[in-house]
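In this document, chain identifiers A, B, C, D and E correspond to the written order of the chains, with residue numbering beginning at 1 in each.
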Amino acid sequence: MKNDKIIFWLQIASVSWIWIFVLGVAIWILNLIRVAHKINDALNASVGISIVAIPVFFTLAAILTYVFVGLQKDKHQGDVRTNQTGGIDSSWRGIK
Amino acid sequence: MEISRREFLKYLGITTAGVSLTGLGCDSMWSVPDEVFEKIGGAPRIETWETSVCGLCSGGCGIKVRLIDDIPVRILGNPLHAVNRGGVCPMAEAGIEALYNPDRIRQPLQRIGERGEDKWQEISWDEAMQTVVSRLQGLREKNAAHKLAFFTGQDNNLSSRLNERFMQAFGSPNLFVFDQSKPSTVATYLTQGHKSALAYNFKDIEMLINFGADFLDEGPSPIRFNQLYSEFRNRGEGRNVKVVHVDSRLSRTASNSNQWLPAKPGTMAALALGIANVVIKDGNYDKRYIKTHSFGFDDWRDPSGNSRIGFKALVEDNYYPEKVAKITGVPARRIVEVAREFGAAKSALVLAGGQAINSSNGVYTLWAIECLNALKGNYADNGVISVPKAPPFREPPKINVDRVAANGLKRPDLLQSISDICFADDAVAFLPKTMLENQPYQIQVLFLANANPVFNAVNQSDFAAVLEEIPFIVSFSSSLDETSVYADLVLPDHVYLEKHDVAYSVPMVDFSHFGMQQPVVAPLYNTRHTGDVILQIAQSLGGTVASSLPWADTKTYLDDHLRGVYETGAGTIFSERMDEDWLKFLKERGWQVFEYSTFDEFRQVLLDKGGWWNPFPDPTDFRRLVKTPSKKYEFYSQVFEEEIKRHLQTTKVSKDEENAVLQKWKVEARGDLAFLPHYEAQKLRDNEGRFPLQLLPFKLITNITGEGSNLPMLQELFGLLTRNYWQSWVEINPETAHDHKISEGDMVRIISPKGSLEVVARLIPGIMPGVVYVPFGLGHKANGRYAKGIGVNPYEIFLEEFDHLSGMSSLTSTKVIVEKGNRKEMA
Amino acid sequence: MAKWGMVIDLNKCTGCGECVTACKVELNVPVVGPEESAKGRTLLCMDILSTYEGEFPDVKMRTLPRPCFHCEHPPCIKVCPVRATYINDEGIVAQIYPQCIGCRYCQVACPYTVKYFNWTKPEWPEERGAALNPDVSVRPEGVVEKCTFCVHRLQKAKEQVAVEGRELREGDYVPACVESCPTKAMYFGDLDNPKHMVSQLKKSHRAFRLMEDLGTEPKVYYLSEVE
Amino acid sequence: MSERQHSTFEDEQLIRPIEQTGPGFYLMVAVLVGVIAFAGYTYIRQILFGLGVTGLAQPVSWGFYIINFVFFIGISHAGTLISAILRLSKAEWRRPITRMAEVITAIVLAIGGLHPILDLGRPDRMLHLFTEGRLQSPLLWDVTSITAYFAASTVYLYLPMIPDIAILRDRGTRPRWLYEFLAWGWRGTEHQKKVLERAINILMVMVIPIAISVHTVISFIFSMTIQPGWHSTIFGPYFVVGAIFSGIAALLIVMIAFRKAFDLGKYLKLIHFQYLSTLLLIMSFLWFYFTFAEYLTGFYGHEPNEMRVFLYKFTGDYAPWFWMMGICNFLIPVVILVNPKTKKIPGILIASISVVIGMWLERLIVVVPSLANPRLPYPTGIYIPSLTEWSLFAGGVAVFVLAFMLFAKLFPLISIWEIQEGREKSVHAVAERLKSYLPDPPSEQLLSEELGNRR
Amino acid sequence: MQIGNTFMVKPNRVAASVFFLLAIIIAGCADGQNSDAVQPIVYSHYTHVEEGGAECLDCHQYAETQSAASIPNIKVCIDCHDEAISESEDEATLLMYISENKKIPWRQVYSVPDYVFFSHRRHVKLGQMECAVCHGDVGSLAVPVAEQYERITMEWCMDCHETSNVSNDCYACHR
């Protein structure tokens, strides 16, 4: 059970990581826009790129999170660990 | 590729430097070299400028050195200098590297290995001087002062005159000058009976025909000619100078001319006479001058009443354009055009150099060219050609000659015994011939200063053999060049930026002038000014030698000379406003440009401004200068006849005797023709066609003397225009290359009967088919890390052919074959 | 703001190569040595291009000094990912060595091929180390370098002018190549200032720029040769 | 339940390589690690001594690193794009292929994406891209778009793997914690299936434009400059076509290799190869068409600089490579794949390898000749790569192979659940779909009979 | 292909490379503050400035006329210290340097990389800046300057330039 906890938090961490990553990208691009604005250098290009790039990253992160959350819901359904016979395909055990 | 401890420490150093620099917003990975970083620290970085004179060739350009905290960092032209007017060539600019060259000799060296093995040990100056002096004393004791020989390089500075003086006081006639840029005066002597170096004034000329002189690349003082050629094209509408260049290679000089006449190598005499033919036919020559001041133009009768051929008849009969076109390869139409233009020009000048001089018929070529100048009356007082006077230096005290010296001086010098050359005085290339046979006597001690014949003579291996034989050789070189490695003792000279000198009389400059060389930096190493060393040797020898060279050091010697200029008050120190009108204005009112009341002040101003010149030379009176039997300019050279008489030591010469002498001097013509300028085909060995191509050298502004090759900057820019950095190449006409199955960038082997070279091929349309060109300057076997083993030296495979009238090496007589090598150049 | 520019009179230029040497010495451009040179890594911030026209015997050789053209619309600065190269208010296309990451995109994008890369760490003989031009930094390896119009001279000139309390005049600031040209074939100054020689010369009927059709608007003008 | 049991028996083969490791594997890994170590060593040398250790010079200042960058990123299109398109178009034969394609993408993207760093003269200043980057530079477009593509394709690889990971978890395959962690609590419930399916569908649609954008943007590196041979609007689609082309070839090679190694003949049938190679053939023609269009405009326009590059490619120093590119990319694949007799696995392998080589040459032909022919009269440069560049290229390939092998060691290379899904649902679904394509029922009975007969 | 000469590398060079890389990492992590530069003479600005009444420019002579302010060396010191004027041990060291005509090997604490054009004249003379703005109240230091008062970083320079409305064009300083 303790293992489960650790693994769960690791999973949470990994999902958070993608958010950190996506936010990082966004912050990076926004920073570049800020610099471009400050020294008045090719601002339009920067904004153009950001308009396309940032939503893409966020959508990706959102999809991943959506899957994670969605899977978590039925996490323990049919959990056969207690009767030691396996998961969805408890029959596999026997084969092995 | 072991990693050395030093290298390891370097990594460590770089890393630690990185640690200390991160806080300064500096990168930690790589940083500036420690040396530079150190330099930044602490010092105020004060910029100062010093004037001096460049010493890398005999051009004597004025330079301005930029110093930061007394460290020289850059060389620029001195804008006040009358010769180069602020411009310098790449070689001068890179001179800073000569100062800091890692392969400079830093201490007197004594040979410990075999001759030429390049193994040395450092010794002290005292020890070295003692060795030299005792050797010299030994010579004098044995009454054999003449057995000292001195090979020097450029001789147009005052400190080299010190060498002459020393040799005279010591008692040896054997001082020889190895200066490649020294113009030949033989033709002048044949026509005018004097040997003065001529200078030219381009101010009012309308047309210039240049026979082979690659002034823009090889000078003398190439930058002066770059400025002149540029000015020729920019005088303004209708005032531009029309420049016609004759050469078989489209050199930079040729491409900066208006017209290029590619004449086959060694045929320029014919072309010059062809032009004369048209000019004479058109009657476009200075008839007044020809009539009153020349001899041998028309047919004439000698005292015995025989009819003799004159120049006019010779030219009219033999050098009509069609024939000349056949000889030279220049279309007759072009010859006539150029000749017409030349004839029509109010003031036109013909110059020669390069392959015009350096061919086996060089004297006749020069002679023919001089005749063209005579036709335009340029040897009258029109001011186009002049003989500039030397600056009014104070004459040093007379040389005292003791018995030993007098005895020595009475002996013939090494070249006098050579009989198969007409004018052997300057024929230094013939030295090995006599020296190897110990004729007329064996040289015991040889001094070398700035002379590098083992590299730049056509018969370099003979020179090397000579050096093997001489018992004691002292070199005054500041780097171990090919010749100096044969020395027993090297007494390193300062680099020119560290020493005092006065450079004067740059060849072809038509006003008298001198430039002040001064130390811009204290000597970096334990070297000594060769002048000082010579003076010190003289002092140690004592007696008349010492009293003839009474100066404590070179500086006082120079000052002594300069006093003459100060006292006469002639000319003026270089000044900011150089336009002649203004100077004239001052002069007429007796004003000086600068104020000085003592010699020391005068000297100081001289040093500040860089030199002195006399912008208003008196026009040269050739009538008084000409010393021919007829007292006139001689188209028909009676001087030459006299020379034959002198040679045979009789007053009357029979035809047979004359022919025998001409035979010996390799003159083909007989009778009157031999005494008139004419074209003689070059004697090329191997005419069976085994060697189908003719090999010629050329020089580049990036390394004129060949001595620049130990400066990495010059090596990197060596073939700037063809993009051959750090390498030699051969220039071939694309057609010729195609015939020999050579393509651009191929490695090719150039084979002459004497040897072979491996170089990269460059296909250049500006090369005459059938001729190939290899640049001179690389291919050193010594002279430091940057020079050694880089490129090839074309002189190595040149045949030892000479012009037997002047003794000059012929560089146009070598035939070669070019074969494709096996590997393609990495581009 | 001044717009610094250069005019090169090809009728005066003899192709002597002094500008190239002056540039190498002034900018501490390293000498790369024979091996590197053979690979084509010679650094020439100022270069002379030479071409032959025609065939023997009617050949003409043309030489063309080539600095960086400091285009008004430089293709190189658009592609720089880190702003190491940019055009400043005075029209000088800058190359900031400590900022450059060495991607060589600008080098690739330059239609005139005026940019050079330091393939190896520049090496100087120990003896020479102290005698480099202290006004110009020594490039580290792995960065792109180019002609800067000797901007270090501008920095100093501006200061000098400020000390003297006057405006920058023509001739206060010239690059090393212009300064050392023996035939005075090169002119330098403010292209926008009608008093400056360059702004007059650029209007000459002989004036042209290289590859004007690219729209880069180089600030280096050439005056064609007079036949 | 019995059906499932049956199927697991069947697919046991897909899991076996994960649980059993032969000596060949270790040997292979050792060799690859050796190659990679050598590449690492040469790279350290490059850091120490600078880019001087490469064969790059003036004016060819971009070489192998950029070529390989474009090449690897090109290969990456195999994956996601193919699998997404096939999935989107509901091509049933895709089922055993998609996973491999996606893995290729993820691995090769990582390798290719690192190549520009190899190319940097100052990798220590990489951070400047983040602190002072300039989004006007196509290089940063690349950074952005490759990052996006990498993220998307990893997600797109990972999500369909979840059910398979759960199978491994449930089998107790070691390392167990890894599968536990990666399975994200998959239990195969309807809800979960629905969530996953929806996510995959969204991704599928999203990943296609991203993938296309990546290669378009990479072509922009070249086409945004005004250099002859590069400055062309066709470059975007041209590069995309080339990328898919090389991607399919790479996928075919990988499929053939693993079919042999893991004995997957049962899953990867000849029909799969033939379908894919037909696609390859189409791409080959398409590639030829684009190449033709690209060069014709240059040739017809006859702009001198353009022509110089053109002639340099056709007749100059690079002519051998240029013509070899034509042979590898067009002649060989077309000759082999048009003939049904040679359109067998060995033939397909040869064609694929030829295409991969050809596409690499195409990148070479794009990058070097334009650089080697500057507009002004400089000497043309001949680029001869040094051992450093070769070894880093080999290292890149080795990393790819190694990573693929490790992946195959940890996860099934053929999507088990998709195969199962295929078995369970496809026949019916296809029948349904077919029905919807066809003109309205000629005879529903007939159809069901037909199906019945086949069963 | 150029294998030969470029590729003959022996293992110890590899070792050096690894060492070098490690060193880079360490260098990168290290804080670059020019800390505890040990000076050859325990020089007291306090004694000279506060007690002796010297001005900065008396010794750092070039601050108003040159780019570099210069660190005074024996030539400057000798003006006052031509003979001992105190009993300090450090003065004795100084006199030793002077008598031996050796440069005092001062460690430079404030410096900019060579790619930065920094001019004291511009800041002190034209900008009328006080020395203390960058160097702090050096005059009160009884021990030699060992570390920078303000860390001379690019950000620091640029901030000041921005607030004082001076050009922040890269080419204002970089070269």
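Keep this in mind: contacts are C-beta pairs under 8 Å (C-beta built on N, C-alpha and C of every residue); 3 or more make two chains touch, one makes a residue touch a chain.
These numbers were taken from a predicted model, which means no experiment stands behind them.
Peer 1: By mean C-alpha coordinates, which chain is most distant from chain B?
Peer 2: Most distant chain from chain B: A.
Peer 1: Quick one: most central chain, C-alpha centroids?
Peer 2: C
Peer 1: Please identify which chain has its centre, taken as the mean of its CA atoms, farthest from the centre of chain E.
Peer 2: D
Peer 1: Averaged over CA atoms, how far is the centre of chain C from the centre of chain D? Could you give it in whole Å?
Peer 2: Going by mean C-alpha positions, chain C sits 44 Å from chain D.
Peer 1: Between chain B and chain E, what is the separation of their C-alpha centroids in Å?
Peer 2: Going by mean C-alpha positions, chain B sits 50 Å from chain E.
Peer 1: Rounded to a whole Å, what is the gap between the Cα centroids of chain B and chain C?
Peer 2: 34
Peer 1: Based only on mean CA positions, could you tell me how far chain A sits from chain B in angstrom?
Peer 2: Each chain reduced to its C-alpha mean, chain A and chain B end up 81 Å apart.
Peer 1: Show the residues in chain D shared as contacts by 2 or more other chains, in ascending order.
Peer 2: 55, 122, 124-125, 132-134, 136, 140, 378-379, 381, 384
Peer 1: Listing for chain C: what residues touch at least two other chains?
Peer 2: 39-40, 42, 50, 78, 83, 86, 98-99, 121, 134, 137-138, 140-142
Peer 1: What residues in chain A touch two or more of the other chains?
Peer 2: 41-42
Peer 1: Spell out the residues on chain A that touch chain D in their complex, using ranges where they run on.
Peer 2: It comes out as residues 3-4, 7, 10-11, 14, 18, 21-22, 25, 28-29, 31-33, 35-36, 41-42, 45-46, 48-50, 53, 56-57, 59-60, 63-64, 66-68, 70-79, 86-89, 91-93, 95-96.
Peer 1: In the complex formed with chain B, which residues of chain C make contact?
Peer 2: Spelled out, the residues of chain C in touch with chain B are 11-18, 20-22, 24-26, 31-34, 37-40, 42, 48, 50, 52, 54-57, 59-63, 98, 121, 124-134, 137-138, 140-142, 179-185, 226.
Peer 1: Over in the complex, which chain D residues touch chain C? Could you list them?
Peer 2: Residues in contact with chain C: 49-52, 54-62, 116, 119-123, 125-126, 128-129, 132-134, 136-140, 143, 221, 224-227, 371, 374-379, 381.
Peer 1: Please name which positions on chain D make contact with chain A in the complex.
Peer 2: 1, 4-5, 8-9, 12, 130-136, 140-141, 144-145, 147-148, 151-152, 155, 159, 162, 166-167, 169-171, 177, 180-181, 184-189, 191-192, 194-196, 199, 202-203, 206, 210
Peer 1: Would you pull the chain C residues touching chain E in the complex into a rising list?
Peer 2: 35, 86, 88-89, 92, 94, 96-99, 134-138, 148, 151-152, 154-156, 159, 162-163
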